[in-house]
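Below, chain A partners chain B and then partners chain C, in two separate complexes.
And now, the complex of A and B:
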């Protein structure tokens, strides 16, 4: 490299500093990009490749390229694959539904200042930061059919004890409740931040026009909040689709002995690490990833479509 | 209640009465009931878990001792009993992994967030944010075998790297929305005064970003501390983190509920204490970017 003619005799340090400055975009962003690509691209490529092989027991031992056979096996499997797709959709949709409604109610309650606001906000934050596995264990005790406090409380009002997590018919719904308990605060905080950013004048104008509280909420606040609501759905939806900790902590391997809470994530985890069916697991995971991408794409379309 | 708030704004403030009687309003009652329910619903189960951790199993089974009981520390003795596995080591593991993952991610992600925010590198940002949406399990099998080939399984490095994979996009996301709001002029004037562009970033922008960095650090630490799945696969017996170690108290036949609750309290207490003291940072971090639309 030749030294610049205008500034003669520059040291190596100086030259490096100028080089770094000229390419600062990549000097600053490069390490993060390299880390992510190493941790993401190579493993993902490997997973895509494994999805086309009959790899079992060990990914290092010999295995054959079998084309789309794993995909065919997964997509025709009505015993484990499709039910787990159904559970994933049911769990995510159910959790999102209640989290949005309750989150909006909590956000509205916390919107206007009141005495003790700080304390309430702190309490709302607690489920959100609590370790999900511990939260799962906590609810496992509370929902315990014989000694759990939930059934004890129900007995006070004369309701017979329910099996909750013990019964395959009710366990997934019970876990929706646990997810709602833990993550409604997240939705509430996002919506609250959105409410705080709303222009005050629109509310006033609607009030002057004679709109009552419900009308102001439904016809003024909600449409204005639409982008924030979609952002909350996106953030929470992606994580709800991938829920693992609570399901594993409360029901154990394979989503319980009758797979009653086996969502796609739990199913793929079990295929990988309990049964070492790496080929099939990889195909299932790629399908799962495609579903997530499709959901995000639809939601982004919603957001952009309304903006233009 | 609509008319009440409306008229109050129009009436000029008169002399304040000595005793201010509030008008009884159903709206404020509903609000109070709602807030009370929120507190009960979110705090109640946590209090219950803490209480159970101070009970013997017979006391947990006995509804009459729900709130009034003689507390015992026996469960905590069980948790920290060295013959059952060393919980102090697991606490250290959780702390060390979360600390290292957060620190290294900050080193990589803060400059990257700055560059991506200033140079509008949306496509590059998308690559990193892809890490947020991909199901972790799909990377876990290759990671496991790569780490096994490199003879690193059971050590700290695989754990730290996998937790960084979560922390880095999180920090990047928070810091990008922070830098988006920071005026560019400050750096420009510093460059006029003779600093290089990178120098201006380190000497001017970085000190101004302390609140954003605090937010990113706290959230990254919390998420890393709480992470379960990666440690479940990648941790060895001696590098187990707390969320994985909880399972030691679930046997095939029976569950030691008292010890299980004590173990759960041990995991959640540090993170809740952090949350109590830093809540305003946490809230700003969780909502970062979400409200921009």
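And now, the complex of A and C:
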């Protein structure tokens, strides 16, 4: 028996399959996009909402809508909030400054091939792979004023022991050093990637024109590297802004007994986990979020401006 | 993150609680049957790093064998434990059945939030287990609004740890007053410039509990009977100054301003200090040769007397409670009942845990392995002891930071009076808000 030729009926399944085929990228990425959106949108929305309430002690208790009171409280608080903002800026700017300079030096040293380059690169990158909390604990021991290795080493060359993390005046700077120790390699890595992508010709041309090494670096390399440098500042800057692990691991709650390393992050953490002030903590976090957005925006503008 | 994995479930639970956050949580607790068969059930117990935890872990296989239930332990450091509770209980999790908590630190907050199940009927209904056998002070600390919400498991008092060899070398008797303690610390440091006469907690919050023994012994207190700040009384000012001077003036070392007990103990354990006053429940850290280089030379004494006599704290530092949101209250209660039974507490006592049952303290067997001097000190401290070591408020962490501020100033050698004035004002504002 032979089947009479008929136009095949397109089943629902077949239709879906065709549709899915045409929109493959959305179908595949869809679930994770929905998931990510929910994971971002719900907590963010909830935090914004909580920031307008007087929620404290437990979010399962009744609370009232109080408008911008929490924001007013935070923005007029010169005891904890503004000093935290100051420390956040100081820490971020300090860390970024040294990381960029050292990162650039390391990148330039690693730029041209030399014997044993692989080993040197590995050693330089080592701090990057350590967990920040472990790094914090390690430096806390090393900087211990009485039995720590750092003071021991100083004593070999006749330098008096320093208080490092123990003194409120030096603790934040000491932590900038720790951050620089850990994150300079990442900046170096980004800058090195930028350097390797630079055209040889411009350097050659500069050399022919009689520019010395410094001039070639300052007037040729740096301008060409500007987008990469801004990318490094963006990536590392946002990370440094929200540093928490090493601050908490070395100085504990509240940024230490005198709040000497209390950045915005540590402050917001303390507000919600120690004081159970969920409303105020949310408002502080939103303010922090806005600061980060503003920084990103400025840097992006910079980059776009340069590119165009 | 895998769907259905633990973190995913926590996030899901948190999100749901967030969405429903404004709605009052209404939990209709199922009747708890203390005799229910719990074979095959898994009881999830969250515990802190503590001698008690190490000891109960040795005994838990017996419980599992007896009941056929399985005990799953999550063990965390104090701060992490606290953070876990904050996140999970806020989200209304049912993933914690039994929780080890600090009645003085979080008891009021958790009970007020409705996180802790009411155990009154269960505790009072079991004559054999015998709630009346628990020491009065500790039992009061785990009771909130006339409801029993927890069972005290560890009690502690401030005890004075000292170095026998150093005292002998200096020809000194064990100090019985705070003045003598100060003089002894000075003399020993003079003789041994590398050794601190006295070491203690220095961290703002951490120091509060140990400082309380000094405060009470000077005749001061945290809060007046009218619920106002009492930290600016003359007695309290003297206590702040004394504690700061005691730590600062008898040492040549740089003082680490963030010390809690592990750091302060480490100094003593390394032979770098002559005296430390801290919780007696931690004594094994001093006498265990694997942790302490001066294990053989550690002496114990009752807390020295100040102007108002010797008034160390005598408190329940930890208790066990049931998460009100759990669906396994039967099993949870059976675990608590077993862990706090006379027999288990006796066993635990033999392992070095100072429990909360009167009958166990009266049993000579229970404390046979304790150093004699320590038992003597515990007895004396127990008689003089005050039932609190920190302000009894809801938001304890915040209160500790406020009243701890002058301690830090005193240790740093700053203007204590000014610090006390500022702290007293802040404390008054805090107390008014906390009472709302």
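Basically, the second predicted complex is superposed on the first by the 293 of 308 C-alpha atoms of A that agree within 3 Å, B and C clash if a C-alpha of one lies under 4 Å from a C-alpha of the other, contacts with A are read in each partner's own complex, and residues count from 1 in each chain.
We take it that a contact is a pair of C-beta atoms (placed from the backbone, for glycine too) under 8 Å apart; a residue touches a chain by one contact, two chains touch by 3 or more.
Quick caveat: nothing in here was measured; it's all calculated off a predicted structure.
Q: Let's test your reading of the overlay: on chain A, do chain B and chain C clash or fit side by side?
A: They clash.
Q: Where does A:181 make contact in the superposed view: on chain B (first), on chain C (second), on both, or on neither?
A: A:181 contacts chain B only, not chain C.
Q: Touching A:166 in the superposition: chain B (first), chain C (second), both, neither?
A: In the superposed model, A:166 contacts chain C only, not chain B.
Q: By residue count, is chain A touched more by chain B or by chain C?
A: Comparing touch counts on chain A for chain B and chain C gives B.
Q: When the two structures are overlaid on chain A, which partner does A:273 contact: first (chain B), second (chain C), both, or neither?
A: Both partners, chain B and chain C.
Q: So, does A:46 touch the first partner chain B, the second partner chain C, both, or neither?
A: both
Q: Is A:63 touching anything from chain B or chain C once the two structures are fitted on A? First, second, both or neither.
A: In the superposition, A:63 touches chain C alone.
Q: Looking at A:253 after the superposition, I want to know if it touches chain B, chain C, both of them or none. Which is it: first, second, both, neither?
A: The second partner, chain C, only.
Q: Have a look at where A:121 lands relative to chain B and chain C in the superposition and call it first, second, both or neither.
A: In the superposition, A:121 touches chain B alone.
Q: In the superposed model, only one of 146-154, 182-190 or 218-226 in chain B has C-alpha atoms clashing with chain C. Which one?
A: After superposing on chain A, the stretch of chain B hitting chain C is 146-154.
Q: Which residues would you name on chain A as touching chain B in one complex and chain C in the other?
A: Chain A residues touching both partners: 39, 42-43, 46, 59-60, 144, 146-147, 272-273.
Q: Please name which positions on chain B make contact with chain A in the complex.
A: Residue positions touching the partner: 1-2, 6, 31, 34-35, 38-39, 41-43, 45-46, 48-49, 52, 60-61, 63, 66, 107-109, 111-112, 114-116, 119, 121, 124, 127-128, 130-143, 145-146, 161-162, 164-165, 168-169, 172, 196-198, 201, 222, 225-226, 228-229, 232-233, 242-243, 246, 257, 260-261, 263-265, 267-268, 271-272, 274-276, 279, 282-283, 286-287, 289-293.
Q: Spell out the residues on chain A that touch chain C in their complex, using ranges where they run on.
A: Where chain A meets chain C, its residues are 38-39, 42-43, 46, 57-63, 144-147, 161, 163, 165-166, 168, 251-254, 256-258, 272-276.
Q: Give every residue of chain C touching chain A within the complex, in rising order.
A: Residue positions touching the partner: 11, 15, 17-19, 21-22, 24-25, 79, 82-83, 86, 89-90, 92, 109, 112-115, 202-205, 253-258, 270, 272, 394-395, 397-398, 401, 404, 408.
Q: Tell me, which parts of chain A touch chain B in their complex?
A: Residues 17-18, 20-21, 24-33, 35-37, 39-40, 42-44, 46-47, 50, 59-60, 105-106, 109, 114, 120-134, 137-139, 141-142, 144, 146-147, 149, 152, 181, 185-186, 189-190, 192-194, 197, 207, 212-213, 227-228, 231-232, 235, 238, 242, 244-245, 248-249, 264-265, 268-269, 272-273, 278, 281-282, 285-286, 288-289, 292-293, 296, 303, 307 of chain A touch chain B in their complex.
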